[in-house]
Amino acid sequence: MKLTILIHCQDQPGIISAVTNFFHLAGGNIVYLDQHVDKQAGVFFMRLESEFEGVSNLSQFEHQFQQGLALPFSMEWRLYKSGTQPKIAVFVSKYNHCLYDLLSRYNSGELEIEIPFIVSNHPDLKYIAEQFKIPYYHIPVTKDTKADAEAEQLGLLKEYKIDCIVLARYMQIVSPKLINAYPNKIINIHHSFLPAFAGAKPYHAAFERGVKIIGATCHYVTEELDAGPIIEQDVTPVSHTHSIKDFITKGRDLEKIVLARGVQLHVQRKTMVYNNKTVIFT
Amino acid sequence: MKLTILIHCQDQPGIISAVTNFFHLAGGNIVYLDQHVDKQAGVFFMRLESEFEGVSNLSQFEHQFQQGLALPFSMEWRLYKSGTQPKIAVFVSKYNHCLYDLLSRYNSGELEIEIPFIVSNHPDLKYIAEQFKIPYYHIPVTKDTKADAEAEQLGLLKEYKIDCIVLARYMQIVSPKLINAYPNKIINIHHSFLPAFAGAKPYHAAFERGVKIIGATCHYVTEELDAGPIIEQDVTPVSHTHSIKDFITKGRDLEKIVLARGVQLHVQRKTMVYNNKTVIFT
Amino acid sequence: MKLTILIHCQDQPGIISAVTNFFHLAGGNIVYLDQHVDKQAGVFFMRLESEFEGVSNLSQFEHQFQQGLALPFSMEWRLYKSGTQPKIAVFVSKYNHCLYDLLSRYNSGELEIEIPFIVSNHPDLKYIAEQFKIPYYHIPVTKDTKADAEAEQLGLLKEYKIDCIVLARYMQIVSPKLINAYPNKIINIHHSFLPAFAGAKPYHAAFERGVKIIGATCHYVTEELDAGPIIEQDVTPVSHTHSIKDFITKGRDLEKIVLARGVQLHVQRKTMVYNNKTVIFT
Amino acid sequence: MKLTILIHCQDQPGIISAVTNFFHLAGGNIVYLDQHVDKQAGVFFMRLESEFEGVSNLSQFEHQFQQGLALPFSMEWRLYKSGTQPKIAVFVSKYNHCLYDLLSRYNSGELEIEIPFIVSNHPDLKYIAEQFKIPYYHIPVTKDTKADAEAEQLGLLKEYKIDCIVLARYMQIVSPKLINAYPNKIINIHHSFLPAFAGAKPYHAAFERGVKIIGATCHYVTEELDAGPIIEQDVTPVSHTHSIKDFITKGRDLEKIVLARGVQLHVQRKTMVYNNKTVIFT
């Protein structure tokens, strides 16, 4: 059995030795350890993977960790057991490249997740869901039906016990209600190197500005539009020879790769969020 | 003799064949031709290099080009003869990396320019000017002396017949008077991937935002701060492990390389400006 | 109607003006022109796109170009009319990422091609062909059946009038017979930055050598293994923390993107081959 | 006082907790910890930085670490006290860009080292040494004088108590004697992305092969030419439009940046070597 623990607490001497001792004495062999101190905030972050032979008593382990370490050090922590696959709902609109890419990775086992369903405000991508034999819920969103649509979405998310939402070019602003139900668990791909060109039509804005590089940003969704914690970014060079259409074409490849990387980091529990920024353990 | 011509005019049929014919008939062998049409603006851009055996009569050539082509096509054009080195003034403040890099390239003949002098609002980098035996003018700039300082700068620029100004981390806002005297001839390096983090302290802002990529931008200076036509940009990945100090250190390498590329493109007459954007012929 | 012409011939004065004149007089508006001179070889390359109003007489145009220009300049040239989609056969083995990526782009109209069938020496990826409703020919290849397998492949290629073959991680060495039937028309993706790590197991070799960057290379297939003209390459950083498995995972994203770019360049008639190297017009 | 320790030993349970405990009990606050396990080789690597208030008794600390940890775990380890600057000799030939770049960084305090002298087999770069006021030893190397030249070099290295040698485009093959005197302490910059294009004239070979990317590699020198442990690599795109001269120009920027990064990593004690590969702690 492999356990992965994510810890954060106020920075203080002795944490690493205390935690590694604890796992060592509990019979674990530490196969990965990385830590980070945010010196401005005075916060300590840690990710540790440990292998255990035989089946440990997980509840007892958690109890002892809570009493012996988490309480005295005032830690917040999450423990993940290997083999548990997060359930992810994918929200799309009309663009297919991110959806195709995610489902290809999902189908070939690269992403160790479950995708119980796809939601869209348009019927356009239903054919892809059918290709991959995944339920597709077409929930139209108009100004008038927005509240109903959201209730329907929340119903599905609850019914399928969804852990995380991926907005694979969903093109709709997600409401605070949904965001609060999934804090740092809604992953979006934005088609610019944020914070440049937040909001609508970033490729048009980039073209207008005459930049020589375009980018894509994968981030957690917060109430402020395109301003959530950044998980991953990448860029590609452009020149005056490229039209807006070329930007869009080139951007598609960026978007799907950057989104996939962001989702993979989240799924492998390698991300922590603090002060609207991420710690990414690699 | 090699002639390089830069042309722009309204897009219309027949320009390329007319221009290439002209050079062909004048005895030139075209060794480089690149052209670009800005379809939104309907503007045609062209850069052509042509080699001529023996010494042509340049004035006559220019006269014939103006009458035979420029007038009928309503072209704006500039002709450069090989071997003429632009005179460049370098403005610096306290950071030495861009200055060192430019002067190294200058000294080793990589940049085919003249640098008649360096100007700074601080005395700090005088030692570098002395290392490279280039006059260093220390012109302090305070709120009260700004107008005088600028007059002194303009005096020097005129005296030395400067063609182009490079702001190698000058850290001062340049006045409209200077900008108007050198339209699209003042090259600045900004330490962010513009338009993100314009203005002061971009590395601090990038750190605060938690970006995963930082950049540098070389651009022509216009009256709106950090909003001029972009010549060149590049980026480098960062992570949560990097402090602001690390951003600054990594950024130094970006800044000097991006500035040098931008200056080289300008010096080799490979840049054209239109609608606050650049066409970069490579 | 848009015509795209690719020309190469010995470098000599007057080519550009002659060609642009020809298109101009034939009623074409030149919307793209790029040229290149290989100075070592003394060879001139040109790509030109021209729009014509109404339907021109294409045969007559071709005849006149051949007589008036191609003969006097000893040009080799190919003319493409817009709207003709190349027929591409995709060869795969067991890896699915390149196939999924190509078919996603094909299905969404990004690649303007026809894919009449997929060939594989294994049955594993048949399910993907079925997802995308494309015929899948399972042609096993063993030492004994290699000649028969190839004959069967050639039969299919002929029957479907295939223009170009894409080896999307086919993992088999293609015979000279096939290569000669499709000169510079078989596109392969190799999972290293060639010429480093040619041959089998490049990720293992890269890991063993301790490189800090891995790459992928899209190239035309020639008789010498992994030594054909390179169309496109890209790389991604790695470190000591990455296992061979990590190299393979990271490499998959590189491979599919680099292959897709190479195929797109070929399909858009932007590649020319000379002296085992490519000229790539962008 | 800050201590940095580098440890490697056979992988076994309990190392991290033992080491972190040791530093914790000795009054150190661990400000950095990174570790790596080479699973193929079964070797554990660790880098740890710890701050101590007041002046610790370093000899006693080392003795206790050796007895209490290094012996039982069969560790190899090196301890570095903050503030000790390695003494580096720079070897050059005729190319100035790497030398200029290193000296600029040295002069501005970016590289916390001493450069007691520069050695060259040519007199060409003496003027740069004079600009930076560093002794320059011109030691010509011919087939006949090679042994004498090396003896003279070794004499200087000994006299100045040199810790590390940087070959900043030295262009000479270094003898086994020198390599054995400085194991994993001679840093070279090679102008290709190794293992592609090892040996002489890599830009010519890259041009000949028609690659779309060129690179530079910083590595420790071993007896096999260009085959030592790689510290750092980077690349830049090229195309058919670039001549060999363009490759060389673009390569210069790569070389100087990659060499500077490699030197900085070494100087900051962030590199470990094992099985001809590096572990780079960042």
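Should a chain be cited, it is by its letter among A, B, C and D, assigned in written order, with residues numbered from 1 in that chain.
Note that a residue touches a chain if its C-beta (ideal position, glycine included) is under 8 Å from a C-beta of that chain, and two chains touch if they have at least 3 such contacts.
These numbers come from a predicted model, not from an experiment.
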What's the call on chain C versus chain D, same or different interface residues, using the half cut on shared numbers?
same
Work out the mean Cα position per chain and let me know which chain is farthest from chain A.
B
Taking the mean of the CA coordinates per chain, how far is chain B from chain C in Å?
38
From the mean C-alpha coordinate of chain A to that of chain B, what's the distance rounded to whole Å?
41
Set of chain A residues in contact with two or more other chains
241, 282
In their complex, what parts of chain B are in touch with chain C?
13-14, 16-17, 20-21, 23-24, 29-31, 33-35, 37
Can you tell me which positions in chain A touch chain C when the two form their complex?
96-97, 100-101, 104, 107-108, 110, 131-132, 241, 249, 252-253, 257, 260, 282
Which residues of chain A touch chain B in their complex?
36, 38-39, 193-197, 209-213, 215, 229-235, 239-241, 243, 276-280, 282
